[in-house]
């Protein structure tokens, strides 16, 4: 659903990576690892079109991203769930409304999804935080809320940037299970993480591919994991 | 634009923080400037009234002085009135009565002046209509037909006063223009500042797939209502202040009090909608600029 | 306060973002309000001048009209002058010459009036000093000693004009007060908004162990300089605008042009420091309030 | 140097924990773990006096914290290095100046410390980022910068909240080594983390105590780690 071919990106003069080819097909589960500062977040931003590539082409849901106007980008994003690395919320709105935001923005009836919301919040351990404001949450709670927001629309693609950096191991596994379930429903998942234990755990559950971004190139990680 | 006042089902309005100092800023800027604008309007009306009155009272009257031996006086006055009746630009003309002339001369001669027996000229008051009279033509005709009649069109007294009146008018218009411009600039900047403080909200909205028009709508309506509310409060306060402003000057003839008369009271009511419009456009433009920074 | 202008070695100033819309806001608010304040000051001076002139020209002159048979006229005029010489509040007094009286009467009688032969009263012009004369006392004394002399203190003409002048004065003071208040409020709110947008800077500073005074210093100086700069620009622009404002009205006697005369030009120069002071206190207070929220 | 005795804290009505006793002595190395939302960040905030306890007493550098005024608190903080969970910087100042901020605020001559700064930045892998602005950094880079800022003053106590959540394993070890070195110099370290692997690694290097905050109480974690 998202295809990168020969993509390169630089911030100013410093070239971050080049010639990246990546295909997020339906039902695919990818991990993205690499040292801090390698460009994982940047690659994800390219996938959800926050950044435009310096070279190469990005096809998104069958269309050339370079040809999309701003409204097309917005529409494409309604089919992509994103967990931002520093999870951002609307600070004056209660958590439940923040999680419902993608539905509201898409103009979908969010009254009908209340059950769905309740289940989802309970699964990520935020059952009693519906009325809390985002600044009142702990770091890990915010991360879980960001994941909940990313999946509430049941999007075709889920791009998660370090969604377990601040949560404990048990909770990491719950979040992983959620993503695996969605993946089994045919969603495509790209998950950037440093947590090798999590990757190992996931590989036991789904046929996940592990990509490593290092020294300006994207490689498939082998058995050295 | 009307639709902006009625919340839509997927009402984006709540996305904008309802309070906080940057939110107050737009309302307050609109309120303060509306307050000043009302005073400037009142000043403009007051100066306009003064200018109008001076123009009317000073520019549009003239005096004809008829000197003649007592027996011929009545006849000569009558000739002048006849001529005036044929002169274009004369609205009315009448000879002053003895009492009037006595009142006019009182400062110099005292109230007991025997006008009847004195060999003083008789005065004819001429009221011009809006076209005005051709002073030179009239003067020539009078010289030919009634040599004892002299036209005094008050030009000497009139000119500085009319200049002063015009200057007052300029002053009023200038202050209203200044304040209107400052108001627009303040509201624009306040909206930009407030929007800038909400950069995170905009980023989040784009991240979850909001269209630009949705984002803009979320802000524009809120900000417009804020400006409207602020300007309304400012306007009402200022109008109340002006209503209680001492206004004993109705008859001074030189300067009426600061205030509104009759229908003028409705003009300041235009200020809140204007402020709202300014906020509307300022917010649209600021939001569009902010959106251009993120994809 | 002077120390605030000279950067200290561990200069905290750079901690405040140098630009951005909230930064511009303080400067712009100060500039816009300074601009308006200069105009209000000019208005106040202009109205004050008018009021002064009217007070001086109208309130402080009186006329005494001496009616007497021709032979006694000179003697009676002399008696009146003697009495006036003894009256407190009289700065000077003199009998008008024939030419002057003729000029005064010209509008009514024409320039060829034979003042000498007419039985018209002689006029004595009295100029009051600042204390003013006791009109009733003088009137009584004149009635006793020179029955033909009547004091006309122009009260009838004077009152509405003085009222108008006073109203003009009120207007000027009112607008300067309004604008000063609005300026203070705008600068305060702009500083608060800007500070509020910098909440993170304050939190970081406290986190790494900055004292409150250090944090306050970091903001106060920046904001004060911004307000000073903004207000200076606004003041200069407004003064330039006023300097080129048409001012032909020096001699109209009724209303001088909007502008400054002589030393008055220095008064608007006080506006930038005042704006800086306002910003100083507004920032201090806003920063202290913000700091109270975090420990 | 920081002593908590019988400390309890609640946000509004919800009691987070109570009766916590903890002593950060010179040369002590403590890990703080516990599920997400247990109150680790809150406990750290109590230690650096951002929050005041509802009950119990906190002694800081020998003084009762409740008796300190705001300037005293500022002064105490100059002896504590804090890594905030969502690392906060002054966004318009270059990274190097941000890291030097504690020196500047304390009025110390920061020209003299340039060498120190350079070494420290190189150690945490930010050698080439001195002039970057904080928003231009990756998540992991920001975390490393926050740690650098916390230790630049060589404070007596270091309180680090999840300092390795966004960095890869190799970098985590480098950061750990830095903290262990400082600890050997007599500094007291309290490190909140979810990363059990990191804790295990550390225990091989220093006699670290592991505290676990769970179900409203603070316990010493046993061999179950």
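Going by the order they are written in, the chains are A, B, C and D; count residues from 1 in each one.
Operating definition for what follows: a contact is a pair of C-beta atoms (placed from the backbone, for glycine too) under 8 Å apart; a residue touches a chain by one contact, two chains touch by 3 or more.
Small disclaimer: the values here were computed from a predicted structure and weren't measured.
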Fewest touching-chain hops separating chain B from chain D: 2
Remotest chain, chain D as reference, centres from CA atoms: B
Whole-Å gap between the CA centroids of chain B and chain C: 22
Chain centre separation (chain C, chain D; CA means) in Å: 62
Cα-centroid distance, chain A relative to chain C, in whole angstrom: 67
Computed distance of Cα centres, chain D from chain A, in Å: 29
Contact graph of the chains (line, ring, star, complete, other): ring
Pairs of chains satisfying the touch condition: A-B, A-D, B-C, C-D
Partner chain A, residues of chain B touching it in the complex: 10, 12, 14-15, 17-18, 200-201, 203-214, 291, 294-295
Footprint of chain D on chain A - complex, ascending: 11, 33-37, 40-41, 85-86, 125, 136, 138-141, 144, 161-162, 165-171, 194, 196-197
Residue numbers on chain A that touch chain B, as the complex places them: 48-52, 70-71, 73-78, 80, 82, 84, 88-93, 97, 101-102, 104-107, 149
Complex contacts: residues of chain B adjacent to chain C: 20-22, 24-25, 28-29, 32-33, 35-36, 39, 43, 63, 65, 67, 101, 104-105, 107-110, 118-121, 123, 150, 152, 160-161, 163-164, 167-168, 171, 174-175, 178-179, 182, 185-186, 189-190, 192-194, 196-197, 246, 248-249, 251-255, 257-258
